[in-house]
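Each in structure tokens, the structures are laid out below.
In what comes next, chain A is part of two complexes: it sits with chain B in the first one and with chain C in the second one.
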Partner chain A sequence: MFYAQLAVNGLVQGLVVGLAALSITLVFGIARFPNAATGDAMTLGAYSGIVVHRGTGSLALGSIASVVAAALMLLGAYGLVFRRLAGRSVVALLVASIGIGFMVRAALGVVFGHSQMVFQLPLARPYVLGGLRVSPLDLQLAGIAALALLIVFVLLYLTPIGRQMRAVADDPDLARVSGIRPARVMLAMWTLAGAVAGVGGLMLGIKTIVAPEIGWELLLPAFAAAILGGIGSPVGAVVAGLVLGMAQEVSTPFVGFTYKIAVSFVVMLLVLLVRPRGLFGRVEATR
Partner chain B sequence: MEAYLAAISIIALIYVLLSLGLNLQYGLTGLINFGHVGFFAIGAYTSAILAGRGLPLPACFAAAAVLAGLAAWPIGLISLRLRDDYFAIVTLGFSEIVRLVVTSERWLTNGVQGIPGIPRLFSSLSGPASQAATFAAILAVAVLAAWMMRRIARSPFGRVLEGIRDNEEAVKALGKDPTSFKVQVLIVGSALAGIAGAFYAHYITYIVPEQFIPLVTFYVWMAVIMGGVGRVSGAVVGAAILMLFLEGSRFIRDILPGISEVEMASIRLGLVGLMLVLFTLYRPQGLMGDYTRR
Partner chain C sequence: MNTTRRQLLGTFGTAAAIVGAPAILRAQTAESFRLAALCPVTGAGSPFGSGMQKMILAAAEIVNANGGAAGRRFEVVPEDTQSSPQAGVLAAKKLIDVNKVRAILGTWSSGVSLAVVPLANEANIIMMNTSGAPALSVPPANAKGLSYRYQATNDRFGRAFAEICVKEGFKRPATMAFNNASGVGNTEGFRKAWEGKGGKVVENVVYEPNQTSYRSELQKVLAANPDVIVTGSYLADTTIIMREWFQSGQPAKWIMPGWAASPDLVKAVGAEVLEGVISVDSISNESAPSYKAFDEAYRKAMGGQPGQSNVYAAMTWDMVHVLALAIEAAGSVETAAIKAKIQEIANPPGTQVYSYPDGKAALKSGKINFEGASSVLDFDQYGDVTPDFGVFFIESGKLERKYIVKI
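And now, the complex of A and B:
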């Protein structure tokens, strides 16, 4: 029962990791590099959300601000930097994404300072379902995440632009000769990756605190989830995020509070050793 | 003033050692090591802990190099068979785990309070003389390391490394096993980072986990990228520029008094980010780079 409760607590954390991993895997599948600025896009989303929430009192407006800010940031990063590095080695893109992340984190640190901010939300009594306590806030957050995921998967699997994105992810050259315009796909992909990161950042900020480092600290579990799920697999990223989020919470009684981040690192190493293509990935992508 | 110059020269030489190690790994072989600070931390903590138990300092330095090198071994074996970008993620994760361990294992590392009172090198000499001797020692090690790097780069071994960087498939086709070369390079570079860590611990005399954040790794990356990838002179020039930048940002606060220490830390972080982006975009070869190839 105790562990079931921990698993329920880990659910929201898992959704946050899953959203971050989804953003990473979208970029990895199409632009083909691990985007280390994902965490800082989430942080930007959290700050935009908290500022608008404080200004207007509306969480809905706050969420929109999170999504828009993070999407604009990654679009800007693409337009100014990543687009010009197309065709260069992975390390160039990777180092540039680290640099962009640093700049965003620095700007947030200068503007908002390093003291933590907290979302002022009304406290509510938890529901008790069959002995498990579930807080209404967690349910709301899970609802937001579910809605965001629904929109992303509808876009990816039921619309023409989604089909084009998946085609480019499968085989860029074949997609090109089939008449798919890469520039449009890239814009759509970066918007989507940013929006997903924004939702994740907002949830992270509500669930914990808002500080300049929160996104960066989530980057490692998010990479681990993207690898566990299989690079380039959106479903895999979300499932793996949930698994890792819950695994971190459930393992806390055994390994202690500080080492729970290490759980995802160990899982990542095991996956790389045993099954580098992850749960849902294709064979060719890893070696 | 002389004391200040000696102090920043010693720190600069520590960065030269770190840059030489990364230059061997990334510049020559193409390994994207994002966890350099992890090996630096292992070296610093190993030497500090052993010195605290009364071991003579040369033995501590040797242990720092050996342990940092040994730590690199399994990491290399697991991840170097995979794609480059996976290796980057694994090493970044490794350096964060090292920081978690030194933060949590209080019985060994004294946790967040850190290890104070680490013995200085040449502590039997007077203050300035001891500093001069430390400077001479680290300069000697750095010169030796730079000379070794040049020898490695020009040896048949070094040509294989360049081959791995430029075309791994071709190296495989010639019957060489790139993974074993990469593991050796990772171990040598990490051992060098371990020695740099030992110098750091015994010079600063006080280490806490906060000194070993990933930002340090990217300072070294900045030095290697700015100086010139794959060039020994580049590592030295890059480390010098890095030092100018780190120390210079301290003086900005004297000119613009309104900036707090925390804001300065953010500005420094942002400038490192900007440099990484600008150099990747416009000057991928760095300042001292090899312009004969792309």
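And now, the complex of A and C:
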């Protein structure tokens, strides 16, 4: 029961990391570079959510604002920067994304200051389910995350644009030859990646605090989850986020709290040693 | 290439100006004493930083209005640490290499002070900080004894926490510390003092920064069934911890440092959650005339805000006073000469003085003991001071000071 409680504690953290990893993996699968601005898109989402929540008192409107703001930011980044750098080396794109992240973070710092902001939500006692303590807020957040994931996977696997995105991810040349227009696919992908980051940022902001660095600091675990899940695999990213989040918490009785972050990276190392392509990744064919 | 005589003269003229310029600058530095006001204007320290900087400037004006120190005017170069060690080091490098400052005043947060102090050692200049980490007292950080601390050490905070536990009748304390020199310093200082009194700490948790949840950490601490939880924490992590603790529904009392349990924390988690939490902070030397002068200057510079709202600004105000009196007593601006006089002018014995002009006058007739706005400023052999601690209880969202602890 003790370990089950720890696993539950890790679940929501895992979902936040999983959403960030999903955004990273979507970009990597199609635009083929690690997007370091993902964390700052989350931060922007969290700020937009908190501003709208304060203004209107409605968390639903706040969530919509988060999703829209983060999606617009990544779309803008694509239109202004990444599109012009297409075909350049991965390093050029990576560095550009780090720069975009810096700009967004600095702008948020200038506009909102560096002191923390918090979502003013009522605090509630936990439900006790079979000896497990689960906070109502966590259940709601898990619900939001599940809904977001459902929408993403429906889009990816059941709609024509999703099929086109997956086709481009598989083989961009073949996709183009088959008459898929890359521009449309790119727009759809960046919107989706931004929206996912927005949801993740909103959850992060509600769980913790809202400050200009929150998303940036989550970037490393998110990259770890994206790699562990098999880069480019949406299902893998989410599963890996959950695995890492829970492994961290369940390990704490053995390694203590100081080293729990290292544990998630040890798990990643072990998995990659046995299965270099990650949990759900496929071996890339040499072309 | 054709060069006319006029162009050639122009070139020579410019060259002469360039060669001549540093000499003029050198002449200026010979008359004035340059010091840096290296404060956390942005970042986590931003609620304090600009007030700290303005008090350095205000105190330097007083020194200059009274004929300077040892005949030198004080010239202040302000810089921002952004509350980050990296930015702090860059700023300190610039201050030392470009501005040629002879003292660095006003660093806040242990991470920044620990990062900047090696540069001060290397340049052989005086450094005065407002940070708590025990490591700042001893080598390697304070290898040359050039660093002076105006804040209580985290160790002393821990001792104050232990005194409060005795006074409030707690028997089974547990600790939670943010994993850095300051956080762990608080709880270790507490553990040593508490065990010295024959007590036992029932659980000890050190946690990592930037976690989305501290529920597992809380679970472990609360499982030991403590009657009070003593923390070495900061605002952001405390916000998350208090929210999750309240949601867990398990009763506990808390003792926290003042920089965590602040009015901002009340704003973040609400009055209901924090009812009865004990917040401990070093307090200024509020009954002293030096404090009154500081308070007036602070209200004037900060648009009417009371000096009580910024204990660190009282510290930076004192820094300039101590430095100026030490220079005046030494009659020299050499680092070794200043260092030799700092304890002499600040510690007893000597005529008690509370302002720069009084101190300067009293120095002519013998030894002085400067009593600052932030504390009585008696430096021990490590350059540390021992201020008093205010014990605040949070009641209906207000921090009410109930009593003062002396250690």
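FYI, the second predicted complex is superposed on the first by the 263 of 287 C-alpha atoms of A that agree within 3 Å, B and C clash if a C-alpha of one lies under 4 Å from a C-alpha of the other, contacts with A are read in each partner's own complex, and residues count from 1 in each chain.
By our rule, contacts are C-beta pairs under 8 Å (C-beta built on N, C-alpha and C of every residue); 3 or more make two chains touch, one makes a residue touch a chain.
These figures come from a predicted structure and were not determined experimentally.
**Student:** For A:258, is the partner it touches chain B (first), chain C (second), both, or none of the two (neither)?
**Tutor:** Both partners.
**Student:** Looking at A:100, would you say it contacts chain B, chain C, both, or neither? Reply first, second, both or neither.
**Tutor:** So A:100 only meets chain B here.
**Student:** Under the stated touch criterion, which partner chain does A:207 make contact with: chain B (first), chain C (second), both, or neither?
**Tutor:** Only chain C is touched by A:207; chain B is not.
**Student:** May I ask you to decide whether A:113 touches chain B, chain C, both, or neither, giving the answer as first, second, both or neither?
**Tutor:** both
**Student:** Would you mind listing the overlap between the chain B footprint and the chain C footprint on chain A?
**Tutor:** Correct list for chain A: 109, 113-114, 256, 258, 261.
**Student:** Residues of chain A touching chain B in their complex?
**Tutor:** Residues 33-34, 81, 84-85, 88, 90-92, 94-96, 98-103, 105-107, 109-110, 113-114, 212, 220, 223-224, 227, 256, 258-259, 261-262, 265, 268-269, 272-273, 276, 286-287 of chain A touch chain B in their complex.
**Student:** Can you list the residues on chain A that touch chain C in the complex?
**Tutor:** 5-6, 9-10, 12-13, 16, 109, 113-116, 118, 120, 123-126, 133, 135, 137, 204, 207-209, 211, 214, 217-218, 249, 252, 256-258, 260-261
**Student:** Considering only the defined contacts, which chain B positions touch chain A in the complex?
**Tutor:** 26, 30, 32, 78-79, 81-86, 88-90, 92-94, 96-97, 100, 103-104, 218, 221, 225, 262-263, 265-277, 280-281, 284
**Student:** Considering the complex alone, what residue numbers of chain C touch chain A?
**Tutor:** 42-44, 46-47, 83, 179, 205-208, 210-213, 215-217, 219-220, 235-236, 239-240, 243-244, 246-249, 264, 268-270, 273
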